[in-house]
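Read from first to last, the chains carry the letters A, B, C and D; within each, the first residue is number 1.
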Amino acid sequence: MVDVRDPTTVYTADEMMTVTAARHLRNGQVCFVGIGLPSDAANLARLSHAPKVILIYESGTIDTRPEILPLSIGDGELADRADLVVSVPEVFAYWLQAGRVDVGFLTAAQIDRFGNLNSTVIGSYKEPKVRLPGAGGAPEIAASAGEVIVMLRQSQRTFVPAVDFVTSVGFGRAGEGRVDYPGAGPTVVITDLGVLKPHADTHELILAAIHPGVELDKIRETIGWDVKVDDDLVTTDPPTSDELGTLRDLKARTAQAHSR
Amino acid sequence: MVDVRDPTTVYTADEMMTVTAARHLRNGQVCFVGIGLPSDAANLARLSHAPKVILIYESGTIDTRPEILPLSIGDGELADRADLVVSVPEVFAYWLQAGRVDVGFLTAAQIDRFGNLNSTVIGSYKEPKVRLPGAGGAPEIAASAGEVIVMLRQSQRTFVPAVDFVTSVGFGRAGEGRVDYPGAGPTVVITDLGVLKPHADTHELILAAIHPGVELDKIRETIGWDVKVDDDLVTTDPPTSDELGTLRDLKARTAQAHSR
Amino acid sequence: MAEFVSLRDGIEQLVPDGASVAMEGFTHLIPFAAGHEIIRQEKRDLTLVRMTPDVIYDQLIGTGCARRLVFSWGGNPGVGSLHRFRDAVENGFPSALEIEEHSHAGMAARYVAGASGLPFGVLRAYVGSDLVKYTDVASILCPFTGEELAAVPALNPDVTIIHAQQADRRGNVGLWGITGVQREAVLAATTAIVTVEEIVDELSDHGPNHVILPSWTVTAIASVPRGSHPSYSMGYTKRDNAFYTGWDVISRDRDTFARWIDAFVLSHNGPEGYLAALEDESLLDVVLSG
Amino acid sequence: MAEFVSLRDGIEQLVPDGASVAMEGFTHLIPFAAGHEIIRQEKRDLTLVRMTPDVIYDQLIGTGCARRLVFSWGGNPGVGSLHRFRDAVENGFPSALEIEEHSHAGMAARYVAGASGLPFGVLRAYVGSDLVKYTDVASILCPFTGEELAAVPALNPDVTIIHAQQADRRGNVGLWGITGVQREAVLAATTAIVTVEEIVDELSDHGPNHVILPSWTVTAIASVPRGSHPSYSMGYTKRDNAFYTGWDVISRDRDTFARWIDAFVLSHNGPEGYLAALEDESLLDVVLSG
């Protein structure tokens, strides 16, 4: 982390992660958003460089422009500020499955070297050590969105050699690739420490970018396999003061609205 | 036809037919209605003995209570006076196919002795003598409505030994019955001259009632097969003055509204 | 995002000869003006798709725009036959017309499959009907119960054209009243053209059955007031029942029909001319007297 | 036609032990008061069905009402785990809980099939997911293209319970805002119970996404103002976010949970008592301090 006294250049790892994810969205793209970091990133993009990004939440709110961040996937704010609200069956059939979504954001409890995601269970399915919430909309986002952006903080618990359960497919357990899936799968994995991208041939996640001030050792310590590093490894541009200001304003508005 | 000078007991064959059909609807039944005689009969029932009959038109208008008769299946009147309006895919999937319709009204160009209906073509399909409008909603009404009421004026052209094309199934070409169809099929055929009902075992349409003043010879002349007569043949009760008054008021209101 | 275009440019640029074109509207909101523009531009070899080909397709068929018709009920609602449709099917005039015929439920399921990105739809339909012998329907077994059901192929028109009450300035489209299968027809198509009664600052809020199509699901929007005549646009125009009744006489005779098309459609540059011609009471007499 | 009943009578007469019960509402309009009444009446062996079992099902599972859970995402939205759900799945406390698990798209397709009177639904889903090994999904081939798709069995609950904003005096139900899968869940069920914020002379007209369920599709209606707390009823109440956050602490410990259920649900005859208890600020402190 950059440690400079100017407050607009002091930022948290989550802010770096959110800003990096936001930068991956382009104006006019249709984006299927989940709650939490993905929603923060998508709205930051909308409020900064991509005002015409189209956000869809699985509650059926289409092209919604919330003024504050939603706490749940079905906040009234999302419905009030949407161009239209459709039923849940329709959002999955007519909008996601039909291929109208360019980018899906996913997170998970575990990711493996081939971008497969687990949000179902730690341990065995029948005798779980930790029972997680489950699939939700993720398997179909993973399959049908044009591409998938994964956001996940790095740790030995989250970046594992093999996930305990494939909830949402990346490139398959053996990295066999995307056979018969409409979408391209995870094109980028954005973490609190850097950015990984799948290798074009092997589909293995390779470190493509490292956030400013992060040591390579830290990356290796928090990934459960021997991660390869791209020859052209770059350092992520730190958040601009505009990006940070917009994100912090949004968070402050949100906190204020929810404290009422 | 009864020829009495009191205008409320002088009526047309169509009026007798409409009144008879209306009497077959019971309060609270859900009825899928087509334009023309079925719509006249269903609305007469609603305005007389069955005020809580629930009328659905295939344009998606559900529980509609038109003040005047619609000229098309999608008149604004039907939408304005409906409890709800749904899309066309929904009216067929969630309402008709799901078994929510008690009674379907059908008419056709031809009917055979086993209640099969043709509204597709006279002559061969590939080289038609007369190309008719086609199926519309009829095949699924015939299959899925709890029962079907057929309304059709009798003639050698309409009551034929075998229909040129089975658009909507009754009891099958050979009278084999209702295998695998959710609904009971045509339970009654109401004509300008009488009422036919399928025999419980043979499924052949049998004359069950004759309208007042109609000769049996006239029935036989206008049916293209050797029609059997029920041992308990009854004579239809003539329209009451209430029934006639309500029907004529409805028709007059309709004519006036459409002349504007 | 939808582009705002003139009706002429929209049809010229987005409806190529040979395309499959669905023009939907269930009695209500039928895109007649767009149909007339297709006739004016003499489009050819179209596959016309529509649940209820009524007078609009009678006109397109009678002027030779269609090679093929995909439909489920082809009549003049409340009046009787479509004579130009019949003449094409029965006599091959003005040219042979291939037909592919379904039931309403089958067509609706086909559009739903198309809008959902599925290759087929499933329904309980066509049982015992001779239609199965002549149309594209397959049987499919439920993998759980073994029940046999009908499968129909998805319908994904090259172009869907609808008429709606409103578009806002961002290109979002709003329609209400009887909404038929229009949402599905637009979402199933590669290209969608919408003619509207009015372009407004904000779409009206017209209750439960109000369909909204976001701008990014629509290709082009043209402002065409009264563009659904003789059908209607709830809240804007009434159905012209007399026109539908009168069409029976106009369309019954090939020459009368040709004179009508000439006088009401071909003689004008666009919808304004058609609407003006309707006001000229002597014009129809001239057409009818030959 | 729907009958107007008290919440107590509705649950007593229409929700038998052993029934499959779907309580739907996607974040919005969750029928909490009806869930509490099921807890009070100590219903047992229920198959609970719900796309997003959140705090309401945590409460039903924690009090031993459920034998089985059919679901697609079981978490405390925006907060984390459902601890009673986890305790049942991980430790069989208070009793073993069978689970049948789908994706959201799969559950939605199952409800749609159920509402449509079809035995199964088709979707492009579950590809590459381990879920297929543990749940009721089959593969099906498109008879036209040969493409392989997923088939899921129809979902037809014995009883569906929803909360809506309004019913009119004829028993028609109106809800708006985020409407989730409620229309399908009601139409798929044998019996439908609706709790409403308000009984009105005429349903409000709340725009495009307003769902209307006609009286004859509903079995019983009970007036239960604020019956969705801590979820919300758009136009009537706000979501109680603090409650959801606080639930994490309450539900984490078996005894604390039991004290909360006792103090907030079992000690009261109905929803009025629950709402009054929420106003008593000392009560939660007593529950938490044990």
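Details
We take it that a residue touches a chain if its C-beta (ideal position, glycine included) is under 8 Å from a C-beta of that chain, and two chains touch if they have at least 3 such contacts.
Everything numeric here is computed off the predicted structure, so don't read it as measured data.
Of the chain pairs listed in B-C, A-C or A-D, the one whose interface repeats that of B-D (more than half of its contact pairs identical by residue number) is A-C. Looking at which of B-D and A-D shares more C-beta pairs in contact, the answer is the pair A-D. Averaging C-alpha coordinates per chain places the centre of subunit A 42 Å away from that of subunit C.
Distance from the subunit B centre to the subunit C centre is 28 Å, each centre being the mean of its Cα atoms.
Among the residues of subunit D, those in touch with two or more other chains are 117-118, 123-124, 184, 208, 211-212.
Touching of two or more other chains is recorded for residues 84, 93, 97, 144, 182 of subunit A. By the touch rule above, subunit D contacts subunit B in their complex via residues 1, 115-118, 172, 184, 187, 212, 214, 216-217.
Interface residues of subunit B, counted against subunit D in their complex, comprise 28, 30, 52, 54, 62-63, 83-84, 93-94, 97-100, 144, 182. Of all residues in subunit A, those touching subunit D in their complex are 35-36, 58-61, 71-76, 78-79, 84-89, 92-93, 96-97, 116, 120, 125, 128-140, 142-144, 165-169, 172, 180-182, 258. Of all the residues in subunit C, the ones that touch subunit D in their complex are 117-124, 136, 138-140, 142-145, 147, 149, 151, 153, 205-208, 210-212.
Residues of subunit D touching subunit A in their complex: 26-28, 51-52, 71-75, 77-78, 81-82, 85-86, 89-90, 101-105, 108-109, 111-112, 123-131, 133-134, 148, 177-181, 183-184, 208-209, 211, 232, 234, 238-239, 241, 244.
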